[in-house]
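Next, two complexes with chain A in common: one pairs it with chain B, the other with chain C.
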Partner chain A sequence: MSEALGSWFKGFLEQVRIRKRQYLLGALEIVLSALTGFLVAALILYFIGYDPWYIFEIMLTYGFSDLGYLGTRAAPLIMTGLAFSIPLLAGVFNIGGESQLYMGALLGLYVAYVTHNVWLGLIAGFIAGALWGGLIAALRVYRGINEVITAIMLNWTAYYTIIYIILVYLPNPKQSHLSVQIPVSEMISYGETFALAVVGALIAYFILYYTDIGYKIRVSGANPRSAVYAGFSPKTAIMASMLLGGGLAGYGGTLIIAGVTGSIDTTMSTLYGLGFTGIGVGLLGRNHPIGIIFSGLFFAGLIIGGQWVELLTGAPPYVTDTITGIIVIALSMPYAYRLLVNYMGRLGKK
Partner chain B sequence: MNALSRTGWAIIIIVIVLIAIGGGYWWYASSQQGGKGATTTTKKPVKVAVLFDVGGRGDLSFNDMAYLGAQRAAKDLGVEVKYLTPKSTSDMIPLLKQLASSKQYKILVLIGFLWTDALNKTADQFPDQKFALIDSTTGVTRPNEVDILFREQEVGALIGVIASGMAYELNGSTIGAVAGMSIPPLWKFHIGYLFGAKYFEMKTNKTVNFLWQYTGTFGDPQKGYQTATQLLQQGAKVLYGLAGLTHIGMFDAVIDWNEKGYGKALAIGEDASQEWYNPKYIPVSGAKRVDVAVYTAIKMAVQGPWKGGIHTLGLKEGGVGIWDLDGVRYFAQIAYNESKTKLTPDQIVNIVKQQREKYIKPYVWNIVHELEQKIKSGQIVFKTPLTEDEYNSIIQQLQQGNLNAALAKGHV
Partner chain C sequence: MASNEYAVEMRGIVKVYPDGVVALKGVDFLVKRGEIHGLLGENGAGKTTLMRILYGEIKPTRGEIRVFGRRVSFRGPWDAIRQGIGMVYQHFTLVPAFTVKENLYLSLLSVNPKARLGDAVSKADKIAEETGLRIPYDEIVEELPIGVQQRVEIIKALLRDAKILILDEPTSVLTPIEVRDLFKALRKLRDMGITIIFITHKLKEVKEITDRVTVLRKGKLVGTVETGKVDVKTLARMMVQREVVFKIEKKPAKPGEVVLEAKDIHVIDEEGVERVKGISFQLRKGEILGVAGVQGNGQRELAEALAGIRRVSKGRIILGGKDITGYNAYQRYMKGLAYVPDSRGTGLVPDMNLVENTALTNLYRILGWARRIKWDRAVEITSRVIRELEVVAPSLYAPIKHLSGGNQQKIMVGREIVREPDVFIVAEPTQGLDVAATEFIRKTLLRLRDNGKAILLISTDLDEVLQLSDRLAVIYEGQFLAMGRPEEFTIEKLGLIMGGVRE
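Moving on, here comes the complex of A and B:
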């Protein structure tokens, strides 16, 4: 075991040595874009009459001080980030992470509630998300329907289906705005929630970079024609990436239920928006599972810290939402730009 | 050589940037310290925190009213009020824990039912922190927690009388309501509204037909529109909106009903003053004063007496009632500022005043004031049903004309 780890580490050092310049330029890009983001945000804050330093200080100190909170807040974002990134590596835009998360949360909740076993719930959540993602992929692969349109429509289908099911089949007799609850004694801790998210990301990393199907996903995303030339169909890769991505989003949905709320509320405020935020997390993490763990944490920290800004300075939530948005856009811009250029170039060649 | 120098440049730029950030922060931190030293001499006021619902301010209803109440507490009681809007329900428990363990706040006031579960799971861990939950209850009595509820029956009853009177001015005799989900606060509204209609019948010997329809949702204007249209087709002349966002659709249905010439009808709002939405067809709104609840909670914590458990607010405490023209003006002003209406607050108040004079006759006001007096003086007290069966049986008896079935104390 330690030998394998040692040789892996040696390989890693070798990689660093070979790609020193690439890594450094990457770091430079992140530092410069972060600086740009903070600068633009600071200017806006200054002109609408707030002290930029103080607001950044609150966002960064309060956002990253309570590690348990940070971890649980990041867990679903890491999963929806992966749900966006893995299909993107295969060349499809999965903006259905939102509904894959919903379906996972619903089935995960149901199974955990009936069996009193959170682990079975997590597996069920993965399966539900995977099937929901697989549906989008199947429509794309076998019927040629644009995955973005399907995903947008299915997001709302899932949204209303869940509210209906909670209200009619799983209502909580004691609190009418909640679904049935997983018993508190069965719930997992904040630390475990985050750890399980990291495990999910590491498994995704392993599948993408150390298995046959992962290689196919990456190749067909980088260049579908070379995938065909190499003798495998990009269709398989798309299906696989959506099953995996959707599954991880569903797993993330169950993580919130199992670790934080124990139930879904009928206003959907527990789940709403996590899938869309995942798009930013994925881009910020440079479509890499390990990067996404960190970008998920960073994003969660900004969200948490943003809430405290209102408490401590009286600035309305819109101000911090704007600031968070600017910083995230600045950080993901260079990468999104390269993706777009790559994509357009490929369209041009067709 | 070329590659190496570019690598070198990259390192140099990163180092410079990091030093610049570090330096800037150090400069800022040192300048802050001087400032802080100077302010510590002034006496610190008591701090309280108001934690909004997930939607936050700008809803022209619950959260804006909570803000209003807290601002009044800040002015009257000299407390410093801080506000926080959680991003989702999953943020609630960690935020409560962090705020409670900071020991900075005399009381944490939680707005709306979404906080119920989070509070229930944290309140016991912080016995020294006072909590107030507005318009919901955890169902557990704790010394450090107050749950503030409203006696919705009392406003429902007054509105029932007014609606019946308005229906007769529109040459009809049917009133209706578009309700949200069948949950305890709505049961109380139903009992009160029906009681009001029957009370009107008793006092005037005019019969009132009563329609009540649950939509099953508080967030679907489309559904509200459909339900309202059905009720209007069944002859309802006045509709009472008890479904949050859903009854915005009811307002639209009533407006269309009038403007398209199908007939004449009026709508009644609830919670905040909603006359601004269309003062011509919404001449009156029932009040559920979240601001009074927030103020009461802060006052209990700061001045006492503090007693954990459920507290209810009714007509007597000013917790529910009918919005007067000042209240109408206040919400019209907010709506105008947020460009949700083109009419100025003055215009809205004038239209409302005219419409009220036209459709609510003095004899109706007399009945309303008489009933209000009975409730305020404690001469009659409404029942609060604990189960759905109890609620159904009260409604059934009311339908048959047994008004006293709705009363826990006194009789009419």
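Moving on, here comes the complex of A and C:
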């Protein structure tokens, strides 16, 4: 085992040595994008009458001060980041992370509530997300329906279905705007929530880089012609990536329920937007599970910091949303642009 | 005056591509007004490059172009179109989801922004009347047969008042009846005074349709002759004659038992065109069976069908006595078949490193418990490839796109060799390589043969197949027109068969 780890480390160092230039340029790109993002955000803040320096100070100090809370808020984002990135490695745009997370949250909550076992809940959450993602993949693979369109429609389908189910079948007898609660004894701590998210990301990393199916997923996305040449089925790669990505989103949905709220509210305010933010998380993490852990933390910090800004300055939420949005766009744009150029180029060659 | 006589005058055309490849080495190309002029040559002779220059798609490095006597310098195809030049590509440039009418309108708009849909139809009607090229207006283009799409493409060019029409291998996608109709229409166009340049490698068609023909070979002009005054044998000789650059030492072959057998294979491509029309052969241990032919005659489809990447519509493939027709590529590779594709864009994943690229066809050998990849095993295999094929690479972990073409090719060949398969299907193994790398790859193939491997070598490089093959088959339009020992083929005979003339 230690020998395998040693050879892995040697390989890792070699990789870093040979791609040093590439990594340095990547780091430079991120720093420059961040600066651009903050600069544009500062200009906007200045023109609408806020002191940019003060706002950023609140965002960055308050956002990243409580590490336990930061990790918890990052957990679902890491999962939806993976839900976007893993299919993208196979060449599929999964913007259905949003509803895959909903489905995982609902089924995870239900199973944990009924069985009084949070672990079963997490497994159920994974399965629910995987099936919801698998549906998109199946429609794409067997019926040729564009995955983006399916995902958008299924996002809303899931949104309203869940509100309906909570109101009709799982209402909380004491608080009418909430669903039933996970037993308090089964709630997990902040530290555990983050640790479980990291475990999820590491498993994703292992599957992508150390297994047969992960390799096939990556080849299919990087050069579909090579995949066909090697006798890999592109259909299998798409299905596998969506099952895994969707499953992780669902698992992330259960993580928030089990780690933070214990229930789902009827306005979906705890869940809404996590899947969409995951797109930015995945792009900023450069589609790499380990990178996504860090970009998830960064995003969570911005979101928490934004809420503190609202609290301390009385700024309306759309101001902080705009600021976060600009920074996110600036950070993901260079990479997203390259992906898009690549994708369009491939379309052109067909 | 020259300006009266010639529609196209290209003199001293030189084209050096940015990567240093010299595609044209000073070619003169003169086309008279109102004639059908054939442009004949093998792959890489420079036919397409010359025509892309005439159509303004690329610029010549040196040389002078005159169209109807006027000196021109095109910045792009739009300039060429304005001078009355039209091009019909092998792969059409129609919008597949539009109707015929909409496509015609679109092309008319590019020369006349004020045109209306009705103008396109009435003008097209007139052209159809004169040429006999009948097309349906309201059908969706992608639902039409290829032959009809081609007619739409020709009419599209004529709509823009093309006086010079370039057709790039127009018959390669057509059935014999469609070819007959096309030729009839081309003759009518000629009678209307339109000059036609007909790119082809098919000798029979040159004889049948052209008035004069220009032959190119390896970027040089061989000559322009009046078609009526030469026979196909002369044309074949003009097309393929060559000096052999270097010879490779070759021991006599010791063929063993049959390991791969193809029985009447047929393959239909994505567009529904039958590309392989009943090919049968037996391949023995310790021999190289060469497949010569001009590109696009079904070579790729044949290779891919044998490798399991494409389905055969009919026929059986037997490997080592076992029927593998229903196996996919991965299963066939495990059973001892190797395929080196004709393009590195297919065989390699540019952004992945050497180890990951080697793993591509070696995957079944590096899987451990629960389908885990043993990367240290992959590293061992890659190191062996690098050692045995003398690959020059900065690191095992460098992205393969950072390697030179020759080294990339060595990885592609080498990763198959180390698997020790019984049968190699090798397509264009030395395409784009320098002399040293070419010689290395060719010697490697001979060494494999001497070690008792069976090799099917598919190549459009005549030198290569003649040098390496123990037996030689000539493919033309998806069929083996001839099979024999390489000594049995004179260069002239080979040229004739490659051009579709069977004696």
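By our rule, the second predicted complex is superposed on the first by the 343 of 350 C-alpha atoms of A that agree within 3 Å, B and C clash if a C-alpha of one lies under 4 Å from a C-alpha of the other, contacts with A are read in each partner's own complex, and residues count from 1 in each chain.
Methods note: a residue touches a chain if its C-beta (ideal position, glycine included) is under 8 Å from a C-beta of that chain, and two chains touch if they have at least 3 such contacts.
Nothing here was measured: the structure is a model prediction, and the numbers come from that model.
Aligning the shared chain A places chain B and chain C next to each other free of steric conflict. The larger set of touched chain A residues comes from B, when the choice is between chain B and chain C. When the shared chain is aligned, chain B comes close enough to touch A:L24, but chain C does not.
By the touch criterion defined above, A:G144 lies against neither chain B nor chain C after alignment on the C-alpha atoms of chain A.
Contacts of A:L178 after superposition on the shared chain: chain B is touched, whereas chain C is not.
Applying the stated contact rule after C-alpha superposition, one finds that A:D66 touches chain B and leaves chain C untouched.
Our summary of the superposed model lists a minimum C-alpha distance of 13 Å between chain B and chain C. Across the complex, chain A is touched by residues 307-309, 328-333, 339, 341, 345-353, 356, 359-361, 363, 367, 370-373, 375-376, 379, 394-399 of chain C. For chain A in complex with chain C, the residues that touch the partner chain are 4, 7-8, 11, 14-15, 17-19, 210-213, 215, 218-219, 222-223, 225-226, 228-233.
Every residue of chain B that touches chain A in the complex is listed here, in rising order: 3, 6-7, 10-11, 13-14, 17-18, 21, 24-25, 28, 32, 49, 54, 56-57, 82-91, 93-95, 98, 113-114, 116-117, 121, 139, 181, 183-184, 216, 219.
In the complex of the two chains, the chain A residues touching chain B come out as 20-21, 24-25, 27-28, 31-32, 35, 53-54, 57, 66, 68-69, 72-73, 167, 174-178, 181, 184, 190, 256, 260-263, 265, 267, 269-273, 303-304, 306-308, 310-312, 314, 316-317.
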